[in-house]
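Both complexes shown next keep chain A, but they swap its partner, so chain B is in the first and chain C is in the second.
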Partner chain A sequence: MFLIALGFLAPALVLLVGLVLYPILYTVVRSFFSAEGGDFVGWDNYVTMFTNDSTFTAIRNNVIWVLVAPVSCTVLGLLFAVLLEKIKWSTAFKLIIFMPMAISMLAAGVIFRGIFQESPNLGVVNAAVVAVNSAFGGGDAAYPGATPRGDAGLIDDSGVLAGETAVTAGDEQNFPLVGVRADSVPDGAEQAEPAGSAGAGQVTGTVWLDVVTGGGGTPGQIDDGKTGLPGIRVDAVAADGTIAATTETDAAGRYILAGLAEETYRIALPASNFDEGYQGVSWLSSGLITAVIILSYIWIWAGFAMVMIASGLSAIDRSLQEAARMDGANEWKVFSRITAPLLSPVLIVVFVTLIINVLKIFDLVYVIPPGASKPAANVIAVEMWTVSFGGGSNQGLGSALAILLLILVLPSMIINVRKFRQERQS
Partner chain B sequence: MSLTPTHVRGKKTLARSILGFVDKGIINAVLVIVAIFWLVPTLGLFVSSLRTVGDSASSGWWTVVTTPAQLTIDNYANLLSNPTITGSFWNTILITVPTTVLVVIFGALAGYAFAWLKFPGRDWLLIAVIVLLAVPLQVALIPLARMFGALGIFGSIFGVILFHVAFGLPFAIFLLRNFFTQIPAELLEAARIDGASDWRIFVQVILPLGGPAIASLAIFQFLWTWNDMLVALIFTDSGSQPLTVAIQSQLRQFGSNLDVLSAGAFLSMIVPLIVFFAFQRFFVQALLAGSQK
Partner chain C sequence: MRFLRHHRITVPIAIAAAAGLALAGCSSGESTPDDTAANGDFAGETLEISAAWSGAEQTNFEAVLAAFEEQSGATVNYTSFGDNAATTLGTQIEGGSPPNVAMLAQPALMAQLAADGSLQPLSDAAVAAVAENYSQSWVDLGSADGTQYGVWFKASNKSTMWYNTDLYDQAGASVPEDWDDLLVQLQLVADSGYAGISIGADVGWPLTDWFENVYLQTAGGDLYDQLTNHEIPWTDPSVAVALDALATLWGNDALVQSGAAQRTFPESVTEVFGADPQAATMYEGDFVAGNITEDGNSVVGENALFFDFPAVNGSAPAVVGGGDVAVAFTDDAATDALMQFLASPEAAEVWVPEGGLTSPNNNVDTALYPDDTSRQIAEALTGAETFRFDMSDLTPSAFGGTPGQGFWQIMISFLQDSSDVAGTQQALEDAALAAYAG
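Moving on, here comes the complex of A and B:
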């Protein structure tokens, strides 16, 4: 009997002992040796792990991952599983949410790297953010890069374009500008026109693009073929720095500042006319990169939690909930007092599975961050790969990091074994 | 409950059904929005894979809504005429199929022994398997790279397969053992009385009855191996690398390689998606049985 059993077990045992058990022991021993393996270094690698900047960042990020990702996935999965029961197209919904589980983390990484690209022209998330922002009043006409034509009596004071000399009511102040990108001139812009003489208490002038397409024209003069720049804010700044009047240029670039007293003013085009405008959020920068990667993880694994919890839900005896409802319990009470406690075994399984999985996270962190934010996104598995294979060739430290992962997984292992023994006894 | 006057109950039901109707509307709307959020990323990748590098560098994929003319299958044509990509696609199959077959065979053999054979230390051995379920494969990377190097299989498809089989076995044994224990004992007894050996019982009773469980395991292992990048990144070279490794090498210049990246990523997704949609019932079963039992 023993021999027969051994015959059935032999292939699996040989592989598990040779390729899993032996390597674990080897890695434990190796973690106490130096980078090349020649010298015994005691706990040095473990000390390095917590003192070296990049490994410490990795460990800290792993803690963030474990605190955030499993809870988020489980809560979302629970929410979806409960709401699912109220809709008719639950099968389709399940398939849609669960589908990312089938694809590789590499593909998911490429997807999320794409949608979080910084330029609002390329990344769909920033495109949406910018669209929402301009819908709420942001995003005025902007002419990034514009500078005053030289010798036109204009100065560029850290982004603010202003006349060199002060003016009084009745004067004219023109702004011939260059360096404006063609694509920032709006479609409604017309041929530039002189502003005409200013009335009492007024200062007038024109802001135009001092370039004729195809060449020609005199610098600083409003010639045929030069375009007025509409929508530019113009301020009359009093001697004490207050803004006495403000207006915007029309389609031909003209403006009229009215209601001015008999004082001297500087006419200025504030810097807001010339900045890039709102460009969205730098999602892939060091500060936000871990949040973005966790988001992509949730996109993949919420479906797992949902499917597991939904099947747990369907196994619950419905008469209990019905009875509670009949007794006047509201939906929240039914959920928190009856459904959730009955679900807790499934929730624990989902949670433990996710923790084990999150600790080992590699692919997404390897794929999503651009070079500059890779250090900020680091996690243990990536650091382990980097120091032992990706150029570091310090297999002592790499072994210590692998053992750290193993130690972090231990509590989940114990839970699994306990659960198994309980089920055997019952 | 039966003491509640009927007219009160009727009223309550009416109020509740109105409320329920409003609730249903909100829930449907929320879930539609969630579903769109979940679909858009994949849709974006697919549309990106149908645009030229130039278009991808100057405008977002969503501009196809206004200018559908920009779509082209050139990226896929280029990909399929690129020997590195086609070679790595072939490698992915050469790694995934044998791994799946071996995991299923070895896992079924061991699963049967754990489920129906009595031998000393069985329970402890089973607990050891459960412990191994959660072992991070990182602990084996350094020693196996050395060992495979010494054996001369480092960088070969065979080495990657060995690695995947070893680390797939704990789950396979656990899953199949759980399924096999549910097969009625009378069936095995009957076969035994007829004088069938354990081998015959395994082949003629266990395997046919365990079909769905084996299918679940096979789907799970197939997707797992197909989608792996880490093991292949270390244990393959340029001749044996699978699709995931070939694609990730293009990541350094994300913007200018978007044609290869998006089409390549989608190419790598096609087989898993087909498998997933065709057999998702089995896949779900594997997840459920693997962690709930």
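Moving on, here comes the complex of A and C:
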């Protein structure tokens, strides 16, 4: 009898032992050996694991993941499931929300990396942010990014270009600028000309692009081939900070500030001439990278939670909800007192499954962060892969990390197994 | 088994012979027929040769082998092992049937196979052929523990800075004479409204190549070798000199295009040579020509040219690069004849006109290169006073080859903040200590 049972169990047993039990035991053994596997090193790999910076970041990030991602997915899934029950076309909406599950994690990672690119020309999120910003009047400067020529007596005070020394009426203040492309100078611009001597109560000068196309010319001097920069606003700022006069440059870059009193002024080109505009948020930088990856994870897995919860929802006894409504409970009460408690077994299964899934997260963290923020985005599974196969070739340390991961996953697995057993018994 | 027994006996003898040769200078050695290849007396013999090349490279290399077949009468079969040189050869050696000759891209693999006793040292005639055709750097690179095993057949030049001539002309910038002049020229470009240089630092390897070039220029070949083997620490003052030099460029926001940390390497090529260029210069090896051609908006040799990595602090021409070395696994006359043939300029000259091969062989006629750019790359390579292999390929991969860690990541951090040279050195030393110990 025992032999017959064994005979039937044998195929499954062989598979389980060969593909599950043996690898786990071997990993435990391997984690006590050195990188090459030759020397027994005791607990060294485990000590390294908890003392080295990159593993520490990985563990910290895993904690953040476990705290944020499963809850967000479950709550969103519950929300979708309950709300979609009440509308027509709910299957179509469910399909759309579930669709990200059909995309491989790797592809989703590539998509999100593109979406969150820093350059507004590449990343759609920053493109939107910049578009909204410029709709409210940002970033329409004529000469973005222009800087003063070095050693020309000019200073760049957080975007405002000004003469180093103050001037009085009758003086000249020139502005040789660089960093503007020849082809972004307006069509009407002409060869730069000296402004000529200033009259009484006047300050004059020229603002020009101090670069000759093809090279040549003397820096800081108006030479042939250097164009004036028209349309630049020029302010005369009095000692007390008030603007005494303002004007714009003409086609040859000349300006005349008139009506000045006999005192000293700073001549300044306000930052609005050169403002490069709002450039968006650096989403993929070290500070935000984990948030961005978790967001993309939620995008994928909220659909899974929704489908699971929706199936649980369809199985619950509707008469209880009806009874509560008859007794005068409002919708919120029905949801919080009747629906949610009835759903709790499903919710716990979804939640625990997501915790296990999140602990093992690899693909998204491997694909999304650019090089500079890789260390900041690190999680245990990625760290494990990197040290054992991704170039580190230290499979001892890698095995130790794998064991850590296993130990972290075990409690959730035990909860899940218990849950299933209880359900079967009841 | 037969092979194993055979090579156990011959290897010590061959090493002794080669060592004796090295001591006695250039003696006549054994009675190796000098002009074996020309005799055509290997008819009926079959040689196996493997390399990583496939596609066009395979076709061109098979043409080289055909030339040998014609001379010698032997039949040569080529097999590609793709990217798995170590695994494939390891399996074949264990099974007792390695190819007669293999092309290896990693000197470390050659050294390892030599230490295992799997490789045959070069015959006297082959040693003489190498001495006649190659500079000392290549002889040293083909040796392990003082014995010559390898003939370098293909080389790459990683000391090339590529620039967009349209933007340089517009800015009036010219090819820089040295590092300081490079900064001046890049400033001219920046004045004209374009970024001086674009760096793609999404992964660290282009940055390690930057460092290796500057270090080879400032510290010289001997210190480079010592640092590669971690015989001197990364906290050595010579490293600080190189990092300081790098910081003069990397730390200058006016010259370096912003957003380097999120730019991939191919994107940095597009920034310089794409349809809407934003920067005028980029640094990487000769393979950039391929990226430019692939991008399709600029033409190598017309508006996409390169100059040699500029000399830092008045250093002599030095080139960092890589290559493929031919090594022999069997000790017979036909294999020896093939090795001699590969060391001869005639072998390389079959492939050179087809493009895609830069030969480290000094006696290859550079007029045969298909265009000026590839000729210039080859001349810089053979004309360099110092040639060194890419350092990050020679260090343990935990240090020099792991994304997100070690050399790669620390250079990314240094690009982002070039102010802390001492801290960067310490971080490099810590990473190296961990990797070399493991």
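We adopt the following convention: the second predicted complex is superposed on the first by the 293 of 426 C-alpha atoms of A that agree within 3 Å, B and C clash if a C-alpha of one lies under 4 Å from a C-alpha of the other, contacts with A are read in each partner's own complex, and residues count from 1 in each chain.
Everything below uses one rule, namely that a contact is a pair of C-beta atoms (placed from the backbone, for glycine too) under 8 Å apart; a residue touches a chain by one contact, two chains touch by 3 or more.
Nothing here was measured: the structure is a model prediction, and the numbers come from that model.
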Checklist entry - Which of the two partners, first being chain B and second being chain C, lies in contact with A:G145: first, second, both, or neither? => result second
Next on the checklist: After the superposition on A, what does A:P370 contact: first (chain B), second (chain C), both or neither?
Outcome noted: both
Checklist entry - Does chain B (first) or chain C (second) touch A:D250, or do both, or does neither? => result neither
Checklist entry - Counting only touches as set out at the top, which of chain B and chain C does A:D235 meet: first, second, both, neither? => result neither
Checklist entry - Which of the two partners, first being chain B and second being chain C, lies in contact with A:V178: first, second, both, or neither? => result second
Checklist outcome for this item: Chosen between chain B and chain C, the partner touching more chain A residues is B
Checklist entry - Which residues would you name on chain A as touching chain B in one complex and chain C in the other? => result 117, 370-371
Checklist entry - Which positions of chain C touch chain A when the two form their complex? => result 169-173, 188, 190-194, 201-204, 254, 259, 261-262, 264, 397-398, 401-405, 408-409, 412-413, 416, 438
Checklist entry - Can you name the residues of chain B that touch chain A in the complex? => result 1, 23-24, 27-28, 30-31, 34-35, 38-42, 44-45, 48, 56-62, 105-107, 109-110, 112-113, 117-120, 122, 125-127, 129-145, 147, 162-163, 165-167, 169-170, 173, 198, 202, 223, 226-230, 233-234, 244, 247-248, 251-252, 254-255, 258, 261-262, 265-266, 268-269, 272-273, 275-277, 280, 283-284, 287-288, 291-293
Checklist entry - Which chain A residues qualify as touching chain B in the complex? => result 1-2, 4-6, 8-9, 11-13, 15-16, 18-24, 26-27, 30, 80, 83-84, 86-87, 92-93, 95-108, 110-115, 117, 121-124, 127, 299, 304, 307-308, 311-312, 326-327, 345-346, 349-350, 353, 356, 359-360, 362-363, 366-367, 370-371, 381, 384-385, 388-389, 395, 398-399, 401-403, 405-406, 409, 412-413, 416-417, 420-421, 423
Checklist entry - Can you name the residues of chain A that touch chain C in the complex? => result 34-35, 54, 117-119, 145, 147, 149, 178-182, 184, 210-216, 282, 284-285, 370-375, 378, 386-387, 390-394
